[in-house]
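Submitted below is the structure of interest, expressed as structure tokens.
By written order: A, B, C, D and E. Residues from 1 in each chain.
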């Protein structure tokens, strides 16, 4: 019966989007309910949400790996309990005519990115650093979230993008592009399910149920993307039933997901890779113990 | 009409006023003392810029004297003790003539019907019938000033303070308003303190005429007018009238000469 | 004399035109659409950067038919109206209070001014914790935006009440409440309404800022959706709705001015 | 008479206090810091949501010493000053023009109002494409923010120039330029400066909005950095700088008012 | 002083003015025709609210007549043809007295030194020395009106249009200003058209007195004053003076009675 379901809020970043299809599926297909959860989805700024979860005003959110480290470095007791993404979802897109085929080709180019913060900045620096480039070798321009527009109007030579979104948009509009993926160079922690230490220790069962539900939701979505897309239309505004672009966005993001939890050892590696970049960039001042940043308690 | 000289409506004692103006302090009133008996009609004359308006405003309580006191012996109630007609009409531009005249009654929270009746009566008295709905800007200078007089009379104050109320009226209206004022004063037993720049008007209307010097103003003359009531036009040619006129004119001239 | 009668004719003409001002708005709209279309043709930008009027028109009809537009429009409208009510009342009350106490004005004004310049994005978590992510925080931001111009113009308007009219009121022994009612409100109204004009059009931005930061409805949300899906026509539809909304609010205040200040045509001479 | 002399004493006291107003600001600042500290202690919010005054103070000294604060502060200041110069001049010029032509006012005002309510975030792509991500687009947004309140108050101020003073100028055969100089500017100045007060404090928000959307310098950028690194104390330092900046601009306009309107203490009676 | 009656300074023909006020149209001037010879001194009297100010404003070109014409035959230049003193002082509140008086010269772009000299001369003429730096609000009603007169005189216009300029002055200043006006008029050969509400003043000053009726105003009398120049106080007691006074007073009374 309904009354036994536990009400929780799950914070997603930005706005309703097909990339969040698993959560819509989990609600509509009763996956959350099967685990005794009544989930309310909320949307907002990632940093704000991390602060709210860190202060235990809310319990769950989806956040990118570097946010967990950055916030822990500032003393926020947040912790990742389940990696959602297999690959770090950032890449560099350029028009075919620019002939940027590998990271080294970025030398001397102007590169647009939303700003000198967040996943796109960190992802780009990881990519460039791995190719032996430094900030003197290219010109970074903060252009806000106008990557597609800036690229096609020739304002910049390349732009830092989310792999599942902008490339699809560009290709769908007939632009031929080259894409460099961060994940090809380096294994980093992408989006994960994040909670806080207090919830983890005091409401372990709740956290477990949430993590398991996420697992099942990912599998269900990947198994029938068409159905997931149809379900998403209830949640995502302005989604046409036959919208080829948005459907492609969903397919592209499924490619990034992690289905089988891996042994803890390689997870530590991914977190350490991330920490190394943050330290190099001066975004973190001191090294922390990455083992405390995630929990593998729910990895089956 | 019986008047006891001990029955005072107003006592002004050593009144001093000075302003802080853009270059230093400006003494305007210099130890002015006088009193006004109940129901007396007193006129004030004096040179321009002397301090006549300032005196009236101090009596009305609109400016705080630098020294001295203004008292209303035996005044019954705090309200409606004085009613002031300013030198400028100062009508509220967003109210029609009628609404301007009824304002004091609205402020005093009188009943609607009474407000309407009194207002209409005053509009008739000052001869502005037909302009009830006009806005101040649609009135000529004289009409606006008549409206301001009506606004004061409608309050039925114990002491009427009038600051050159007829300055902008034409000769005929002026005479008529003077007569009306005497009638009202007589009927309703008012005390009147009026500034005027016409010596003839002062003598014709007043029981006493006070003469102020130029700035800093002090009182140089307090002339009783010994003409019987009611006053008639014929009195203007009596020797008493001419004599008072000569006295006042000379006093004014000498006080201006003395101070400048 | 010729010059005079010429300008009389001109005045008459202008009167004619301004009487038929129902014609004026469509006219200027037409000019605007034309300019837009020319821009599209001249710049040859892809339509997801600058869609043509026709594309936007089609999108508009689509979202209108689906009911989506109205849902978000009414959500924003609600925030704005609530924000206006709170913001304007607070500003008018505080403005009156401060105009009576210059010291309080001097103590408070740095904070009031400061509060204007706090970017919402910077204090969003505090807002969410204190006021929740819902309606309240948006109404609050909107009120805050409206608040300031109305407050300043209330202060300026009250300061400019002619001193000699104040003296009239004092000589009539009017109570502070009566002075407020009979003198201060009507005298300060023109400048106050000037502030309301600004405030009313800013209120739209206020509500949208809140929605852009975090929301799941409203025109600001619709903009986020459009941007996220590279559906620029949708963004334009939402923006145009905002513009129309702001212009309507402004026009409403103008009407109010016309009604409340009808004496002003006459006021000039007093 | 007692009441009068009592209130005289009170006035004197108030005068004293307001003369020593150099004391007033620190006083109200102290009250503010105290309230803040109490809030921190009472709410027990973690410092990454609401840092204590001490933490923010320490951060302030850090970034001040490193020169980082000054670099970003001066970048924002530059945008604001340029934005103010452009916005205010444009508004004053256009306001004068529109006040002379009611028809033009009626045709243009929907667009002017509309332009106020376009959220920058929504048209950011166009702005970036047209004006680049750099200084120009920020100055533009800032000008646009300043523009509107100043425009409206210019219009209201010019409309309220007393008609009989206009008649005096006409009877003196003054040219339009002379009427502007001798009558309209001084007469409209009080209300115009009221608009400038609002505009000056809004200009700060204008510049920040641009910086928050896309930038690599300025206080808005610093906020983005602080938020990105969960360094809330840094965000607060930036916000406080903004607040101080806005309050200073406001104070500057107040000073200007005091200087330019010294006749106003006397104006009341005319 | 030679004056040819053909040498006209001003010709007003069938002048009509009506206002659209809050309830309909209000006819104020009704086919007014008269002319003023060069260097003549003409006074206008009439009841309050009749249309005297309106007439002057139409002559000054401040309002557009509904019908008829105003002509200045043989005027040399467009500039400084008429100078108008309003019924209210209308000083600019942000300018000091001195700056208010020098305004017309600044507008006419006269050289600095000339401006200073003329301004000072006028301030002396109207007796406001010592108040050069005062703001309008610091002046009494009469002082402000004297400043307004000075502001008009400083322009040195061909035709002086005066709208009850002495309304707010005290009796002595009023007489003095009247004398000064006659002196200026005589010295500088001005044409003067002046509204007054004092019949005595009109007769004492003018070559001709025009009488307007109450609204809608038309001209009912054009009375030449056959007193020699220069005028002296003694003339006030001449039979010509008394006769003119009686005639005007009667005309005024009957015209008010007729129209109301």
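Basically, a residue touches a chain if its C-beta (ideal position, glycine included) is under 8 Å from a C-beta of that chain, and two chains touch if they have at least 3 such contacts.
Note that this is a predicted model, so its numbers are computed, not measured.
Centroid distances from subunit E, each centroid being the mean of CA atoms, peak for A.
Set side by side, D-E and A-D show the greater C-beta contact count at A-D. Separation between the centroids of subunit A and subunit B, computed from CA atoms only, is 85 Å. Note on chain placement: the centre of subunit C and the centre of subunit D lie 17 Å apart, centres being C-alpha means.
Rounded to a whole number, the gap between the C-alpha centres of subunit B and subunit D is 49 angstrom. Centroids of subunit A and subunit C (each the mean of its C-alpha atoms) stand 39 Å apart. Among the residues of subunit C, those in touch with two or more other chains are 45, 49, 121, 125, 129, 163-164, 227, 266, 268-269. Residue positions of subunit A with contacts to 2 or more other chains are 51, 55, 145, 149, 153. Residue positions of subunit E with contacts to 2 or more other chains are 22, 61, 88, 135, 137-138.
Residues of subunit C that touch subunit B in their complex: 164-165, 167-168, 170-175, 178, 182-183, 186-187, 263-264, 266-270.
By the touch rule above, subunit B contacts subunit C in their complex via residues 57, 60-62, 78-80, 82-84, 86, 88, 90-95, 103-104, 106-107, 135-138, 155. Residues of subunit E that touch subunit B in their complex: 19, 21-23, 45-50, 52-53, 87-88, 133-135, 138-143, 146, 164, 167-174, 197-199, 249, 252-253, 256. The residues of subunit C lying in touch with subunit A in their complex are 45-46, 48-49, 63, 68, 121, 124-125, 128-129, 133, 213-216, 221-222, 224-231, 234. The residues of subunit D lying in touch with subunit C in their complex are 14, 17-18, 21, 24-25, 27-28, 32, 45, 49-50, 102-103, 106-111, 113-119, 121-123, 125-126, 129, 148-149, 152-153, 155-156, 159-160, 162-164, 166, 190-191, 194-195, 197-198, 201-202, 204-205, 208-209, 212, 220, 223, 227, 235, 238-239, 242-247, 250-251, 268-269.
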